[in-house]
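I have a structure I would like to understand better, so I am pasting it below and will then ask my questions one at a time.
Chain lettering (A, B, C and D) follows the sequence in which the chains are written, and residue indices restart at 1 in each chain.
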Amino acid sequence: MSILVDKNTRLIVQGITGRDGGFHTSQMVAYGTNVVGGVTPGKGGQKTDDGVPVFNTMEEAVRETGANASVIYVPASFAADAVCEASDAGVGLVVCIAEGIPVKDMVRALPYVRERGTIVVGPNCPGVISPGRSKVGIMPGNIHKEGNVGVVSRSGTLTYEVVYHLTQNGFGQSTCLGIGGDPVIGTNLLDAMALFAEDDETEVVVLIGEIGGNDEEKAAEIIKNGYPKKVAAFIAGRTAPPGKRMGHAGAIVTGGTGTAAEKVAAFKAAGVEVAEIPAEIAEIVSNLL
Amino acid sequence: MSILVDKNTRLIVQGITGRDGGFHTSQMVAYGTNVVGGVTPGKGGQKTDDGVPVFNTMEEAVRETGANASVIYVPASFAADAVCEASDAGVGLVVCIAEGIPVKDMVRALPYVRERGTIVVGPNCPGVISPGRSKVGIMPGNIHKEGNVGVVSRSGTLTYEVVYHLTQNGFGQSTCLGIGGDPVIGTNLLDAMALFAEDDETEVVVLIGEIGGNDEEKAAEIIKNGYPKKVAAFIAGRTAPPGKRMGHAGAIVTGGTGTAAEKVAAFKAAGVEVAEIPAEIAEIVSNLL
Amino acid sequence: MKIHEVDARGIFAGAGLPVPPSILITQSAEARGAAEKLGCPVVVKSQVLVGGRGKAGGVKLASTPEEAAEKAEAILGMDIKGLTVEKVLIAKAVDISEEFYVGMVYDRVTRKPLMMISPAGGIDIEEVAKSTPEKILKVVIDPIAGIMPFQLRKMSAFLTADKAVAKQLAPVFNGLFKAFMDVDSSLAEINPLVVSPDGKVWAIDAKINIDDNSLYRHAALEEMRDDSSEDPGEVEARDSDLSFVKLDGKIGCIVNGAGLAMATMDMIKYFGSEPANFLDIGGSSSPEKVLAAMKIIVRDPKVKAILINIFGGITRCDDVANGLLRAKKDLGVDIPLVVRLTGTNAEEARVILEGTELVPATTMEEGVKKAIEIASAS
Amino acid sequence: MKIHEVDARGIFAGAGLPVPPSILITQSAEARGAAEKLGCPVVVKSQVLVGGRGKAGGVKLASTPEEAAEKAEAILGMDIKGLTVEKVLIAKAVDISEEFYVGMVYDRVTRKPLMMISPAGGIDIEEVAKSTPEKILKVVIDPIAGIMPFQLRKMSAFLTADKAVAKQLAPVFNGLFKAFMDVDSSLAEINPLVVSPDGKVWAIDAKINIDDNSLYRHAALEEMRDDSSEDPGEVEARDSDLSFVKLDGKIGCIVNGAGLAMATMDMIKYFGSEPANFLDIGGSSSPEKVLAAMKIIVRDPKVKAILINIFGGITRCDDVANGLLRAKKDLGVDIPLVVRLTGTNAEEARVILEGTELVPATTMEEGVKKAIEIASAS
């Protein structure tokens, strides 16, 4: 299996004629992702250098290609609309790579897509890869390897670092998922854990958290109450200064202060081993398998 | 079983201190419905003549009573807010008796409650009764009888008429559901059919439709494609004049004109026997059982 | 509630739609001045609350002020589907190179506003919907978020390939949606929305129905009601909180509940006669409501028998019985009344009616049959 | 982006919140006139972009215009948490009989706006949240529909039993929500919202942070930015589209990605040293960005070694290598550079850097250890 994307993923690239969209389309095609089409309003009828047909609207793209997923590389100011358009056209998964989207736009878009049953990953995220099957996003494909470790992370390059160590040490991945670092995202740490819980292929889940929010604390609680997969964790930001506080309201809303120490403590209390440095993740996984 | 309400229904009456709310609370209590509380803002702390405690808010009422359903008798201008309040407080079923609610208010309220997983019946409806177990609404309880016929209807008193004939002829009901006659309602004919499809107790479903809209045509299609229960139908409005048309738009949206003749024809094409007069329903049910 | 085109134009204009200027007149003498002020050509449009004004000759083009006066003179006082034209709108005419249809209603299935558009607008739009449904695009709109940019792009592209025209369409769609929501409309239509030869978009007709349930919060709209365009019985019924539609048969009906009322009419027809009306006295019915209902029905000279069919739930049968007796006395009703009362307090009602001239019936079927029998005999 | 209290007050007042009148001054000589115009007593409030102004002595009450001038004189030029007070707000003072807290943020869990209110407002609200959380009510608000009437009732009732006060609260909640949404706020707070002895509700403090990502559509807000209240390095970083936070250690860091940047700092600490900064060069990084990053870091005299840690995905390692060489030359950097480049075009980068003084490292761990070694040796 794997989660979210696999060999059956039929992908549309929204913003395919843009610089980033075009580059990553080539990368995804080269990796073996089934990119069935792209969308750029006003450029319908063209084909990209990779031979991918371009459509004017998502509706047309889905109708013509039978796509079931999309990935978004459009500019931030158009991205939330692109998410809604994809959902309205009926794809079940939207991976929003675009960064710099105002929170309000996503807050308004997410109920719209949820009503239509679409899963959104991101925004401001590296995407999703099920090694050897489908890569939907911007991560370097070659550092991945097929296997039974699920990886979910709030950051991009740190995920690559962890995956690199896993692969180097022989531990392949079922799916690696970067959920994005924005305050409001479509799929959070807990949603991703729920997906991995249902995935037969995944045996260990690696959680890569960071300071801020309290999803890690909630994840720890879920694990404490019985989570069906083994878990290893890493938390970035142990040395981060309290820095720019979110006023009183930020502290009130989470109930805690979202420090790395709190998150590490929560995981340890739930019996989860937390790596001190990224390389240690491979050791912990090795012990769990 | 039965659908929507049964012996486990713990009901809050919203607008319990009003004239209608008070009267029907007594009626429901007399029928045996488990009315655990009522809500009227500003009147919390009182008890009704039936000994039902009154709360200021739905949240408080649910917290104090463990209620899982509510019925709404508040004035039309407050009713949509009451629906949202009930859903927000966590009840799974809201039966909105109140009539005269602007369509826009319901159109705005329904996505809110759907997001929270609440089923809304109504507005402008007689309610739901599972004979012998729970009556949530304004229908006369004494004409009903426990049994295996499910009744779903767009009208109120016509339902009583049909139920009366069923009971007189010895056919009891699993649940009778008046979905309401407004253009936008929480549970439509098709939703009700889906609920009955899952109900072990229900053996025959009686559909009481009327002119306008095209839910009956869709119901016929569902039946044609294989519906797990036997179905009998009645359509009111065969003699209705074309009358006040909904402009062009009304005809465009439904694709048909919503006449009784079209609906009857659709049912017959799906193999459903359609009663010419209400009393015939009992005969048809008799043949089906 | 229907409102006149002139009022709908005002609402649309307020929502930013491109509505050509116009002047409402009630005397043909005012037509010339209006046409001069607007500049010719103008369209002279009868203001009546029915469709098909154009086909009935109630809409005419005038190329000079003199012609406008002539046309207004001809149209004022004209009878269109039983309604007398008392007001005429003189509107600046627009040359037409394309005609679109744009309309909005609530969709029962998705429970959301639905916008319908077609590049084949004009009087035959219903025929378009039937024979070439692919020429109609239906777009479900989020009632709170409004029309999404991707939807605006899709809709504009469906109507035109001309970018200059498309640019004018987005504000039309947004404006129509805004107007629809703001006035609690149940139907809003622009048919046609036209493109003039110079590439400008104009909403040259306007239709808006208002959700009656919302009128309590729209005092300004309530004032747009035009009772003169409606059947007096229906107006009177509304004032008494009854729902009434006049028909042509011999048997008057007083029923509680719209569904049961229709079923009663159907049964009258089924057993060989015709109902004289649809009348729903609604839920908690006081004796006053029964009196008001009776008053409306007895005015119809065709009525030979009145069937009262009540299944009491909230409605109390004794209330109805008292109302009937009072009506019979106060109004001096001599039309035979057949009375079927079942449900709440039916026994009390039976006692009240005992020994009166009212003809009792225990079932709806019996009631219908007796009423037909009496009506046929008279 | 943080904005000054004076600007937040303006936004709140525009949304209909009851904000006492005030006048902004930059010279103490203006204080007397302002106080006279407003009428005493007044509050003299330092305008700096940090919390805890009151505790630091930056907020003072004045009962006469003379006193206002004295207080303004004392506060202007004062240092509060490293920031110099350059502006002072003279605001009409309000007598306080109750203090509420009202704040808004986005809730990560529900992905919706969240309003938090407490009848125990004032400077100790965080303590209230910790020790008596039942005194805080959190209400999730639909981002498009807004606050529902039942929520307004519940919230008002949570703060007060006084109906006259409650009546003034609904517009405050609605206004705060409106302001929060309209300006794309990420945080909006009124602390305290007070009730004066005459029963009037006043928002006597105002705090608003703006979502940086939204500034492209808020030109007016962008103008409220006050760079003088921020670290110059951070301002410069922002102008170069970098994310930078100054710290106190010896090892400068240039990393791509916030998570990896934090993990790099953590590792420096883990192996016994301290990072000099957080610096994320972001995604598709041009040589110019690397140059800008280097410029900011070398300005810090404490820095004894710089670690470049890049995991190339979108970032191309050869771009980074070229930027490093250019920076070394243009800026005359003599601080040792330890360079770890993995991922996209790493081989090309290795070739570019071959034979230079840059210290290569193949893993993050090796890079961190080498940087610490070099920094300790110097």
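Observations on the structure shown:
The rule is short, and it goes like this: a contact is a pair of C-beta atoms (placed from the backbone, for glycine too) under 8 Å apart; a residue touches a chain by one contact, two chains touch by 3 or more.
Note that this is a predicted model, so its numbers are computed, not measured.
Shared contact partners of chain A and chain B comprise C, D. Centroid distances built from C-alpha atoms place C farthest away from chain A.
Chain A and chain D have centres, each the mean of its CA atoms, that are 27 Å apart. Measuring from the averaged C-alpha position of chain A to that of chain C gives a distance of 53 Å.
The set of chain D residues that touch two or more partner chains comprises 142, 144-145. The set of chain A residues that touch two or more partner chains comprises 108, 111.
Taken pairwise by the contact criterion, the protein chains are fully connected, each one touching every other. Chain B contributes residues 20, 76-77, 99-104, 106-108, 110-111, 126, 138-140, 143, 153-161, 164, 181, 183-185, 188, 208, 210-211, 213-215, 234, 236-241, 243, 245-253, 255, 260, 276-279 to its touches with chain C in the complex.
Touching chain B in their complex are the following residues of chain A: 111, 114-115.
Those residues of chain C that touch chain B in the complex are listed here as 51, 101, 103-109, 111-114, 116, 125-126, 129, 133, 136, 138, 143-144, 181, 184, 186-187, 189, 191, 207, 209, 211, 213-214, 216-217, 245, 247, 255-260, 262-263, 265-270, 274-275, 278, 283-284, 310-315, 342-344, 363-365.
For chain A in complex with chain C, the residues that touch the partner chain are 41, 56-59, 78, 81-82, 84-85, 88, 108, 112.
By the touch criterion given at the top, residues 142, 144-145 of chain D touch chain C in their complex.
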